[in-house]
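The chains carry the letters A, B, C, D and E, assigned in the order they are written, with residues numbered from 1 in each.
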Amino acid sequence: MGLMERLFKTPAWGVHPDDRKQPAAAVPLRVLPMPERLYIPLLQHVGAPARPVVLVGQPVLKGQLIAEPGGNISAPIHAPTSGTVIAIGDLTAPHPSGLTLPAITIAADGADRWAELHGCDDPFALAPEEITRRTAAAGVVGLGGATFPSAVKFSLGKRLDVGTLIVNGGECEPYLSSDDRVMRDFADAVVDGVRIVMHAIGARQALVGIEDNKPEAIAAMRRATEAYAEVKVCPVPARYPMGSDKQLIQTLTGREVPADARAAEVGVLVHNVSTCAAVHRAIRKGIPLIERIVTVNGGAVKNPGNLWAPIGTLIDDLLNFCGVVEAPARLILGGPMMGTPLPHGRTPIVKGASGILAFNAAEAAVPEAGPCIRCGSCAKACPMGLLPMEMAAHIRADSFKGAERFGLADCIACGCCAYICPAHIPLVQYFSHAKGELSAQERASLRNDATKRLVEARAARIERETQEKAAAAARRKAERDRAKAAAAALSTTVTAEEISS
Amino acid sequence: MNDAPLLPLAAAPPVAAPHTYAARSVSTVMAWVMAALTPATVYGFWLYGWPALYLWLITIGCAVGGEAFCLRLMGRRPGPILRDGSAVLTGWLLAVSLPPWAPWWIGAFGGAFAAIFGKQVFGGLGQNPFNPAMVARVALLISFPVAMTSWVAPLPLGSAAAPGVLQSLAITFKGIPTDFDGVASASLLGYSKTEMTRGIDLLHSLAHAGAPGVAWGGFRPGSLGETAALLVAAGGALLLWLRIISWHTPAAMLAGIALPAAIGHALNPGQYLDATTHLLAGGALLGAFFIATDYVTSPNTPAGQLIFGFGVGLLTWVIRTWGGYPEGVAFAVMLMNVMTPVIDRYVKPRAFGRDRRGRPIAARRVN
Amino acid sequence: MASYKEIAEQGLWTQNVVFSQLLGLCPTLAVTTSGTNGLGMGLATTAVLAVSGMIVSSLRQWISPQVRIPVFIVLIAALVTLVDMGLNAYLHDLYKVLGMYIALIVANCSVLGRAEAFAAREPVFASGLDGLSMGLGFTFALTLIGLIRELLGAGTLFSQASLLLGPSFKFLETTVVADYGGFLLMILPPGGFLVLGCLLAAKRLYEARRAVAAGPLSPSAQPA
Amino acid sequence: MIAAILSLTLLGTLLGFGLGFADRIFKVESNPLIDEVAALMPGSNCGQCGFPGCSGAAVALVEGRAAAAVCPPGGKALASALAAKLSLELDLSKVADRGPQIASVAEDICIGCCRCIKVCPTDAILGAAKQIHNVIREACTGCGNCVERCPTEAMTLQPIPLTVQHWVWPKPALA
Amino acid sequence: MTLLELREKIGYHALLLGAVALAASVTLAGVDGKTRSGIAAAEQRDLQQSLAQVLPEGFADNDLLKDKVNLKRADGSAVAVFRARLKGEAKGAVFQMSARGYADEVVVLIGVDVGGRILGVRVLKHKETPGLGDKIEIAKGNWIRSFEGRSLGDPTAARFGVKKDGGVFDQFAGATITPRAVVKAVREGLQFFVANQPAIFAVPGKE
């Protein structure tokens, strides 16, 4: 870096953490032996939980549907191996709270027998809608970590006439190398998946963004895309969070996605490389999303590397396979910048699990938080151009609305601010807390409105019932009166007749 | 291979992401700033001898002591908080702005005042609206104008006239002996100001003043660590290189002094000092690199820092030119400190995907 | 209604105009450059407080709520003008020191505040006592602040006290530090803020410590 | 001197008249704030606050007889809305957020008396005479009216269990 | 009608406020009449005391306050000169002069004998920094007495200034502007006296 540049140029956003991807990234992919039991949570995606369609005791085949989507935005779940359903019940979720999620437990029979699969030799002959339908049926969700059902994104892209598919090979999180491995080992599958997705959404070109700290992946992808002019491999600078959609779109196309809008509105759609590989398998071979590459890394791991593992494998099983040098001081699902801390290792990996980090005590040390010195490092690092220290100050005083005024809703929780903070203030936790409280308040106030409507309906009902009762009473009274009058008239007549007679 | 459960159930509350941290912490930042101050300070020790060193020690000691006292009153353990180094830095910054032969109680009072009334009464580090060192400097200047404007001519260590270790102790603790020559010397700014009030214009009064070369080298009367422009600027360059400070505040502040000075000097050289003299005299450079860049009391955005820095520079020039005191950096910094919340309120960075007013931008489609 | 002892206690300490209610800060900060000034201003205010309290209280049945504030203001302004003229004529030396601040008593919110909060509801004697004790509490605060500022700023105590109290009080005038260089900040306006702030902090600290010592009762019970 | 006395007296008299008129003109009949506050309340008149219905609680709030955290079903959201509306002090940590609750019927005890149906402010209970009643989860506010009314203690309030989707990161401990 | 009902009438408000205003103004008028002479006397006494300060004891036997002449300076500003006489013979004069100090005008009272020699100087009014510039007050130091016995030729015009400017009068440590202002005021006072001496003593006293 030149002297002037060093003194005067301020990077626009982001941080540059030590990537720590080696040596794990360079170790060849290993296949995890099938565990005895698999624990498959019914919520592995954004949206409504899936509904089980199997019963306890029922035998299942590998790839068989075991839970159907629970709503419009949801995804089905398939059996990762053949065996027997031995329980459908609650299981500690891979979530910091340590709360439970409903899950299906399968005892593997060891045979690993496949269900009947319906592949397709020429996906480009299929209608885009059919590809979307098959992707949905295969339970493919975004594998970069967001786990948004891919098929929903396909139909969105088709509807909004997206011309460009951005393929996210950024993988900017330190330690993780599962996408790197996918691109190195399955470049052809990825490129085929990219072309299928382009067909599904009607895109004219695809840009594959790969951070320049993965030269092997760039080379492999370049080789695989030689035959296809519409798919371009574009190395991007290694800078966190390059793997974030908005930042990658801006780097590759120069377009800024407006706030509160989706990428599709600037005419692009972002899919992760691993997702594209999963689409390739789902369409070409009919294999649903039941396995993935997981990076197992961290100072407590003896042989770090990438594993090909079925969804539902316990994290303890992964760690036992790789070996540990000491009891991990912290377990993290995902990368160190945005990953989820886990309560313990007896929780399964899910579709979005790109990595499992087992930190030793030194890595897990949390520096003590001090007071904010308003140095502005967080604001400089924030890729969204927000003022994290101001938001945190408001949240500290329980002023969530104040934090919203400073753009809390725009925060992507990338962790740059808390990473760079010299006072080690847990800024992201402040923001997560505030977002949770705000959505709880939102739910409460929606519920309040609903209650009010119910009360009004009840009042109206009681009013109506009273009126109806009164009307009925009046009618009966009128009838009685009429009858009485008639009777009286009759008797009068009779009397008169009697008199006259 | 170990098949036992690898982790006990988490009892402690979960630690939120990120799980990795940048190496730079508050105490390393403070340590780097102190390192950047060291050359000019050590040069000051050499130039003004042992009394300067004693004053420096006393000032820092009392700043740390004052902070510890407040923390004890608040029922907090002082140890971990003192270790962030901010109290030492505050005392250091105050010490380098003091007359090097000032009596011990100037340093003691100033250090304690900076820590207690400059910082802790507002809630400690990060909460103070004013730069603590400048609060103390202004309080000292107002309270003890005589002691705060008694400069000494350089008496480098090793020279014949320089006081020895013990004699220096007497100077610091008992006062400057009356038979000491060359003590009551005026700084350049003070000298030109007094001459001006006598009706002698700058062309005449400064005929004998040193060329800029002297200012760069610092061999002149002045504050303990302010005289050697070259060393102060070198410290500033180190901070810029390490990205502890950004260029906006110093550049804007120096421009804020130099621009009006150049214009004034061009219009009437007898009435207005030239820009070079302004930049190299007094606390301009120290202020630009070390004082105005204080994180806590200056704006956070580059644009805000440009406004802030320029304001400090302009006010410094105004106070130096028309004010009652010869030097104006401390007052200018404090005046702009007051503006910092306002600047921060109105000068905000543009959020991604939004315009400057916070409304979503219009989508521009690819192709 | 509170007992006379409680009224006196509230005025002197628990509801002290300066230290608890933070009222009348303009004279508090402006005139307390010396103990004598503080004492003089305090006594003048006390006189106005006590007399205005008694007058307002004796008129309280006749004062309709709609025009009560103008009535109070007229009464207080008249009283202050009386004090001003009286001082000027009979204690002229003191008037030279305090003169420009006497008029400020009209705007001293503690005077109107006591008329509103106490005298308009309570009997004449209680109101007079309330005004007297509030005034003495105010005098105590002003004198204390003045003494501290004078000691730190000029090294003396009660200088020029004989101008205020007569030549027989000459003995009060003490020079604590002879040949004192002077600590200007204390005499200048910031000194008033600093001393008042420190005294407030000391009072809080004292009360917090006492509350802790008193037992595990809720710490929020201490007077704010 | 006479002029000064007369002018001051005249001024006083005129001001007195002016204030008297102003008093007549600006007389406040009722407080519109009460209606605004009542609009914020849930309106279920569940009575958990101890005031006669939501409008009663609104009056108490405006008159300063009730704290912002008066309404348990409203929770933190309503408490902060009320505090903002009325500029009241609010310590969110003290809001009695015992968590959302919901009524549930113990099916082996319910005798199908229909009494609970009559007191439910949101018509959240389904049932007919001599039939086991049922609670509509989405409509129940957890007010507890039915629990008091139930002759057999078949009605109980159960906390709605915390789920992964609704879990909120705790606020970091202050440094 | 009870008092409470009466209090709600509009006329009552007017009457009440009017009555209170009347009572207050009548009282004040009365007290003003009582104290007016006292206040005037006190102010006379003040002036007399300060006049006496700049003259040696027994220097004059007339009532200076009544032996006053109003003159104009070259710049048009008015100066009131009080003349001191002993047994009817003109002995000296007392007048005010001012010069711009550090904070505001410094007003000095100067006593001069007929020979143009200074009898005494006192500062009447100033806003100089307390503890620094206020050493010009007699209460804070004897500096102001250093003018006594000086006249326009003694010291010479070039040396009639503070030491920093090459003059004979001390400045105080840390403050030059204030003493410089006082010296300037005194010098101008002497010049005024010399220039107007005939006029000052031309008019006979009104004793």
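Descriptive notes on the structure:
Following the convention adopted for this analysis, a contact is a pair of C-beta atoms (placed from the backbone, for glycine too) under 8 Å apart; a residue touches a chain by one contact, two chains touch by 3 or more.
Being a predicted model, the structure only gives us computed values, none of them experimental.
Of all chains displayed, B has the C-alpha centre closest to the centre of the whole protein C-alpha set. Using CA-based centroids throughout, the chain positioned farthest away from chain C is A. When each chain is reduced to the average of its Cα atoms, D sits farthest from chain B. Remark: chain A and chain C have CA centroids separated by 67 Å (rounded to whole angstrom).
Mean C-alpha position of chain C lies 33 Å from that of chain E. Averaging C-alpha coordinates per chain places the centre of chain A 37 Å away from that of chain D.
Averaged C-alpha coordinates give centres for chain B and chain C that are 41 Å from one another.
Residues of chain A in contact with two or more other chains: 96-97, 368, 370-371, 423, 426, 429, 432. Touching two or more other chains at once are residues 14, 16, 145-146 of chain B.
Annotation for chain C: residues touching 2 or more other chains are 66-67, 70, 74, 182, 184, 188. Interface of chain E with chain C (complex): residues 3, 7-8, 12-13, 16-17, 20-21, 24-25, 27-28, 31-32, 34-35, 38-39, 42-43, 45-46, 129-132. Chain E makes touch with chain D in their complex at residues 9-22, 24-26, 29, 32-33. Against chain C, in their complex, chain B makes its touches with residues 73, 117, 121, 139, 142-146. Here chain D touches chain E in the complex through residues 1, 4-5, 8-17, 19-21, 23-24, going by the rule given at the top. Here chain D touches chain A in the complex through residues 42-45, 73-78, 80-81, 92, 121-124, 138-139, 141, 162-172, 174-175, going by the rule given at the top.
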